[in-house]
Amino acid sequence: MSTTILSTRDLSRYFGGVAALNLVTLDIMDKQVHSIIGPNGAGKTTLINVITGQLEASGGKVFYQDKDITKRPVHDRVKMGLCRTFQITSIFMGLSVRENIRIAKQAQAGGSLRVFSRRDSLQEVSKATEEIISRVGLEDVADQPAKNLAHGDQRVLEVAIALAGNPKLVLLDEPAAGMSPTETDQVSELIKSLGREMAVVLVEHDMEVVMTISDRVTVLHQGGIIADGSTQEISENEEVKRAYLGTENWAPLIEL
Amino acid sequence: MPQTIATLVDIILNSLVLGGVFLIVAIGLNIIYGLNRVMNLAHGSLYALGAYFGFTLVASGLNYFVALILAPVAVGLLGLVLERVLISPIRHHSIVYTLILTYGLMFCLDGAIKFFWGVETRFIRLPDFMRETVGLGPASYPMFRLVILIAIAAVMGALMFFLGNTRFGMNMRATADIPEMVSALGINVRFVQVGAFVLGCVLAGIAGVLAGPLFTVFPIMGHEMLISSFVVIVIGGLGSLRGCIYAALLIGLVQTLAEFFITDLAMVIVYMLMALILAVKPRGLVGEGRFE
Amino acid sequence: MNNIHTAAMPAPALKRMRASKLNLLLFLTGVTVVAILPLILPNKFYLRLTNEIMIYGLLAMSLDLLLGYTGLLSFMHNAYLGIGAYATGILLIHVFPESLWLAIIGGVLITVLISAPVGWVQVRTGGLAFALLTVAFGMMFYTVGWKWYSLTGGDDGLMGVPQPDITFFGIKIVSSGDSFGIYYFTLIIVLGLFLLTWRVVHSPLGAVLEAIRENEQRAAFIGINVRLYKLIGWMMACGLAGVAGSIYILYRGYTGPGVMSAFAGAGVLMMVLLGGMGSLWGPFLGAAVFIFMQDYISTMTEHWEFFVGLVVILLVLFMPGGLAGFYGIMTKPRGE
């Protein structure tokens, strides 16, 4: 029996007079891959930003594990298990791959106020770091500075950093952006496996990815939800088709 | 009673003059920052150069008002050169990088000022009519200050008109507000950014020529003005024009009052006020400041 | 299956080890040279010069902790050396004329206590506003030092500061005003603080500060309370600067407001830039070079301002890693 891990109630966000999000009410279930799709400007990234605390909500509420987190700062939410990746890669470029993941793990596990020990004396942290490196397949580049990595590896590193936070809900903002078909497949597999352990919210433009791995899809258009259901239901929904009409994103859906 | 009114008039008008000069400098700095994302620490030196250019032009026989037009143009041209040579190439670097670089530039320009004009204080000779005083009821106020006040108002009016009604002005606003979308709107972003930089420098130059008669012309005038602009910009909110206006007038008032009552530690009062405001509103008076 | 390749050490780790052995050697050499300098070169001028280099090196190192490791730029970090110097000096004059240790501890405590609310206001804003605010607050302290005559002696400075004997558990080890003794006192304290700071930057706390420097947004999104840790880094840096100030007043017996001026602030920044940000030892090198240069330049030309500006520009453009060759924050691309 699936539990609701995150819900928003009448969530709104205004920029000047424009409503980027308008009374968005939705529920995210645990151990599912829940995709959020919609044409450009629909408000998908804004929604992620408000849920994670990057942006303040103009109205409405966000509940996580039945707690009202609407006013909580970003770092609090992360510590509660709400982790995310960004559309534009946001990692620690100057640090090594290993350190990127290690510091994320340390921030979650604790030990940051240990001023006089060495970093690697935090054994649990070091162990968990190696496990994550193996899981995402970055062993070969673990000692490289993150800025030297290929784009695809950087996107994977970003997911690894989110994982290091021991999340119960992970929000992925276009993880496959700029990836080759092979890399995209690998990332899709990774996301699917994540969806078995935790709640995954996925914002994606690549419809093939969305339709293949999602358990549930919510469609945003101009700041509001126009459809919510299984991949089958969404692909048959007339209003969704109309919203996407004329954009190339719709093509794969029609072929389905 | 007439004495109190006279003092009051003095304080109000002085606040407006001081705040007005702060405003022109700070808006110039904000415009440069808003469009180029570079905080030009050499801005104070450009303000000083405006004053020095003004001094030289007047000393060589030109009318003050002619200098008021020509000196800023010269500063603007210098700004154009600086933009091409130093600012453009470094835009992709971190804030720390650009701050330290423009800091070095500030020292260079200040050194250049000392080299060309020496360290003595200079005075700008004003037209005769500006050296009189004007009767305002029970008060009398120096004419040159009134003229400067009018000039400030004219500059601000022109600037607001420019930003609101001309094509270039509106392109500037769009580029500052929605940089991701402007190229889609067909705006030549680089052109607008360079133009904004030059405009900011011109404003600094104007403020310098206006400040000359107010504060005299001396080598470190740029430092003091720069620090005051920092206070104004941060209180007003980085990149917020509206906040900048409120902040400039507020600081002009507070500093004038503080100097009237305490003189020596007047600036300390200003800094503590700044700390107080930021403690409560880190994004500036109107909360629009960029959080950078 | 026993794969001999897995038994060998991976190449990058081996390189790191070799590099750190070299660094250790260089470090020990440097310390030894400074330690025996008064014995091989008993010239009082060089003694005082090196003493000054150590003090300013400590100040520059504290700025490196702030800028090179945490990524926060301060244009007037010298303000906290000034506060430390004045605080210790005033305590020596009025409260602890006999006890140096109490005066130093008191001076440093006062510096940290003053830096706390300033830091709190400053970290609430973003990095750019932070840098601008350090100028505003720095100027505020300078104005206080310059104008508050009854407290600080104003323009004349703090005069008549006693130089007590330095005692250790009751045993006198340095006589009042003995330059030789003060030199070694400085060396021990600066060395000790360097090692302490080295420990801290390689600790888990140091890792947090580096993460904040690299990507503030990402740091928040891994659960770091960015403001809190910035404040911690700030207070540590100001505390170290305060110690530098306490030693400074012991060494000079006097301080004036000039030590808190904007130009002195630029000097400290230059030391860190010259030496290399994020290296921790580079700033000492930078301090040495700067102090030597300053002597030369100010006597050679009255246009030192232009020269300083030019050097800064050239350093930033062509040698942002400084003499130590550390890049870190200077090569960070602009985030948005």
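The chains carry the letters A, B and C, assigned in the order they are written, with residues numbered from 1 in each.
As a working rule, contacts are C-beta pairs under 8 Å (C-beta built on N, C-alpha and C of every residue); 3 or more make two chains touch, one makes a residue touch a chain.
For clarity, every value in this text was computed on a predicted model and none was experimentally measured.
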item: Chain-level touch network, classified as line, ring, star, complete or other; value: line
item: Identifier of the chain whose CA centre is least distant from the whole-structure CA centre; value: C
item: Most distant chain from chain C by Cα centroid; value: A
item: Gap in Å, rounded to a whole number, between the CA centres of chain C and chain A; value: 41
item: Separation of mean Cα positions, chain C and chain B [Å, integer]; value: 34
item: Approximate Å spacing (C-alpha centroids) for the pair chain A, chain B; value: 45
item: Multi-partner residues of chain C (each touching 2 or more other chains); value: 332-333, 335
item: Interface residues, chain B side, partner chain C - complex; value: 37, 39, 86, 91-97, 99-101, 103-112, 114-115, 223, 227, 230-231, 233-234, 238, 264-265, 267-268, 271-272, 274-275, 278-279, 282, 289-292
item: In the complex, chain A residues that touch chain C; value: 52, 73-75, 78-79, 83-84, 86, 90-95, 99, 102-104, 106-108, 111-119, 122, 143, 161, 164-165
item: Chain C residues within the chain B interface of the complex; value: 67, 71, 73, 75, 117-118, 120-121, 124-129, 131-133, 135-137, 139-140, 143-144, 147-148, 262, 266, 269, 273, 302-313, 315-317, 320, 329-330, 332-335
item: List of chain C residues in touch with chain A within their complex; value: 10, 12-13, 199-200, 202-208, 210-211, 213-215, 217-226, 229, 327-328, 331-333, 335
